[in-house]
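Two complexes are shown next, each including subunit A; its partner changes from subunit B in the first to subunit C in the second.
And now, the complex of A and B:
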């Protein structure tokens, strides 16, 4: 996937969205509202406790900011892109992609973007920044570096999960509802993974690796993260991406009947 | 790739398919809830032979039409030729590539247009889609400008380019689809129902464009269509396919001569009002297909046509007489309805 093509995707989506500018206001208002609700829920928890899984209030708000930024990635890129795969498979639109001299996975993933939801990323990071101020904690360069690495790794992990879920469309054709499954599990990333009991923690770290998506980047910002964990996060992202790519290839083989 | 019949492939053909077959395994489901449950617990499968032992070749610059009823195997064959499906058996070469291993180099040499699917971005003017394809195919700026100008003038798209796609007519949209698909100058075009649902004027415009485009660029075109006019106007050759088998490969006229068992005698009758020829009088000579004085159309057995004509001329006041083949649609429909093999015998 060349930069030029990504640029063309960005341009065409922006041109599409600019026709409906009211969408931008609606989108930002929606995000602000859901962030406010999340903060209220959190405040409610903290009337009964002073820490959740060893994290205090403002630390969890940092995590919530990271959660919102990643939600922005999901809503801006994944849901409108790879999230449409099932429909494209069923409707045959994928055929028109497969005859083009581009990487089909890249094309499907980035052809459709929901431009306004990129604002969610900014809003989420803003919330995390505000919480850091309240914590009186200024992250060092190393911590910021670790945050950037782990956040990028988180985006890759979430992307890989979507690719895996959506690739099931090639076997079961009708999997639109599987996005709901993702939403349900991803809700678990709102809180630090240490807040969960052992079995769930195991699930979120090793099986559906959403622990890597919010807990680790937020830990980097608040100075809890050991440097080797940042490297591990990058490694996990690499493995997740490779597995997702392999599944995608197997799925395409099935689609074309190459696997017999 | 090992090829048994070497000379078959060493000839300079654009498309060669040799004993191409595609078998799908389809889940069998009985109707009703019980059937659904049984299909879930103990699925049974049935083999569907979508394409069976199909062999043909297409030379550069040919326009070849795929003919056949729905479900005959036309689209499946097209998908195998464009690399979207692996064949179960057989060999294919398209533009010097094996389609499903050809990769980007192969894909740059073909265009696939599907009459029932569109790549145009719905809310934007078509030029945005063209620019996207420019990026996808990495077309240099100058080549893009020249190419677009040519297609716009051939397809008479002048004032359409600035309107959002959603405001375009079906015909304008298909013209833009063609433009988007041809910007990278593919020498080989696969068109699946390119005139589907278009009005007569738009159909005609698309046909004229394809003829002009082919003669300018010596492009090779393989198309499927339900409209016999597409085939008669465009194709130098037809491949007739039914139930997955290739039944005929050759010129359309020769096919009609082979399978049409009747001829039509078209008459313009003379005579005055007093002694008008009646339909009953004509019925003696053959089946009256149409009668509206002074015009009449009779259908007779092919081999009887000359003799019947002679008798008509002798017995009735005939001002004009011509012997024609029956309309192609009818011949084809008849052939498929009867089972081609039988008509062929």
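And now, the complex of A and C:
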């Protein structure tokens, strides 16, 4: 049921977006510009050093590619879907979701796609691929498999973080811009975990383990990681998803409706 | 006197509106300080026990703490507001008031910055108590000059943002232009690194254009990286000239735009 309904929503979604094809060009140009600033920033750092946290230039470019691909997932799926939840809890729009005979979390999460931003995933993976060529590193099948699993696990972890943030909106109704918290912390995922000094590393690695979402898949691709770690990543993703779902359910119990 | 009373009322109003969105403002504040915090972390690691282009770890720490504070004091969100006002017709009732809409925007800036910058200042003082690297030598003359430079930078960034927002009269992508400007200023205004660490040609361009005056110059003034009356005077003069140019650009955009504007919505 949820699947069929979502399918219908996506078809309307696609028809809508196809009316505004100029947005595709604008979106791609915007992504290319942000990739260029990220590469220039990196080039600036490497004017003054030959390695960051033990990673050389092209290894970090692989990581930036992963970062861009994950950004694509966030912008195409999460922000236009579950990202609107905080505002809907405040305005009462969630009522309209809850009366539908579907799983509310699944529907809220995937009802609307910003399809042009899927190009970011392609561009990001392209950048990672180019960096691998420059590294003269052809990943083995095991490494590629580990990359796919860890990247999927990272996407699940990022999704779980969004579910947790949006669930908090049920308690703190006035924080409509809570997604900003994600944007702020996600900035930390642009560089490998090992590049950060003590206090920041503690923050990004243990307190909000966001830096792993790019470091681990990039490490899998460049062969820094034993492929078996992918299983551990999948396990972590499973735990994160379960916890987020539990919090979502607890949060939903508090919802009393606000529309009228 | 009447201007004092008007501004008193506008700022009070903006302050009270902000109180309703305290938590939201804290989130924006957090977002504003992560970028310099991450840049500091990376430069800290690169500098190691030595120094990079004359900057040791403690210099980087002071530089990026100053960036956090002064960026907060000079940042202007007005292009996003104007874009919405123009597109959704919220400009209409503002035009009907006997007061130019820019005054409301200025008052909002003052209220917002007073709140957020004082938070950063308090955090900085607390950090300095525990961490000698971020302590500044207090020199009243230098502080006064920095205050002047910050004021000029804030005024300039306000007019840049306001003017770019006015482009919404002609295009639906005014905020995209502002994003482009933000991307360029990442380097040229010194947000990601002190200008001294950029290739000298790039740093030169930043100095000729308005970017250095936006942020880097007041920051260097505060940390003491700008030395000598001559360099200080040249920096301030450049700020004044570019502020004048942006005010001119604003006046052109405003008069042309208003003539073209056909109200939408209500």
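Basically, the second predicted complex is superposed on the first by the 245 of 260 C-alpha atoms of A that agree within 3 Å, B and C clash if a C-alpha of one lies under 4 Å from a C-alpha of the other, contacts with A are read in each partner's own complex, and residues count from 1 in each chain.
By our rule, contacts are C-beta pairs under 8 Å (C-beta built on N, C-alpha and C of every residue); 3 or more make two chains touch, one makes a residue touch a chain.
Predicted model only: the values in this text are computed from it and were never measured.
Within the superposed three-chain arrangement, the count of touched residues of subunit A is higher for C, of the candidates subunit B and subunit C.
When both complexes are overlaid on chain A, the residue A:45 reaches subunit C alone and has no touch with subunit B. After overlaying the two complexes on the shared chain, residue contacts for A:100 are found with subunit B alone; subunit C is out of touch. By the document's definition of touching, of the two partners only subunit B reaches A:92; subunit C does not. In the superposition on chain A, contact is made by A:196 with subunit C only, not with subunit B.
With both structures placed on the common chain, the touch criterion links A:7 to subunit B but leaves subunit C unconnected. When the shared chain is aligned, subunit B comes close enough to touch A:16, but subunit C does not.
The touching residues of subunit B, counted against subunit A in their complex, run 22, 24, 79, 82-86, 88, 100, 103-105, 107-108, 110, 112, 114, 117, 119, 121, 123-124, 128-129, 131-132, 134-138. On the subunit C side of its complex with subunit A, the touching residues are 20-24, 27-28, 30-31, 34-35, 37-38, 41-46, 52-53, 173, 176, 179-180, 183, 186-187, 192-193, 197-199. Across the complex, subunit B is touched by residues 2, 4-5, 7-9, 11-12, 15-16, 19, 91-93, 95-96, 98-102, 256-258 of subunit A.
Of all residues in subunit A, those touching subunit C in their complex are 26, 30, 33-34, 37, 40-41, 44-45, 47-49, 52-53, 172, 174-178, 180-181, 183-185, 187-188, 190-191, 195-197, 200.
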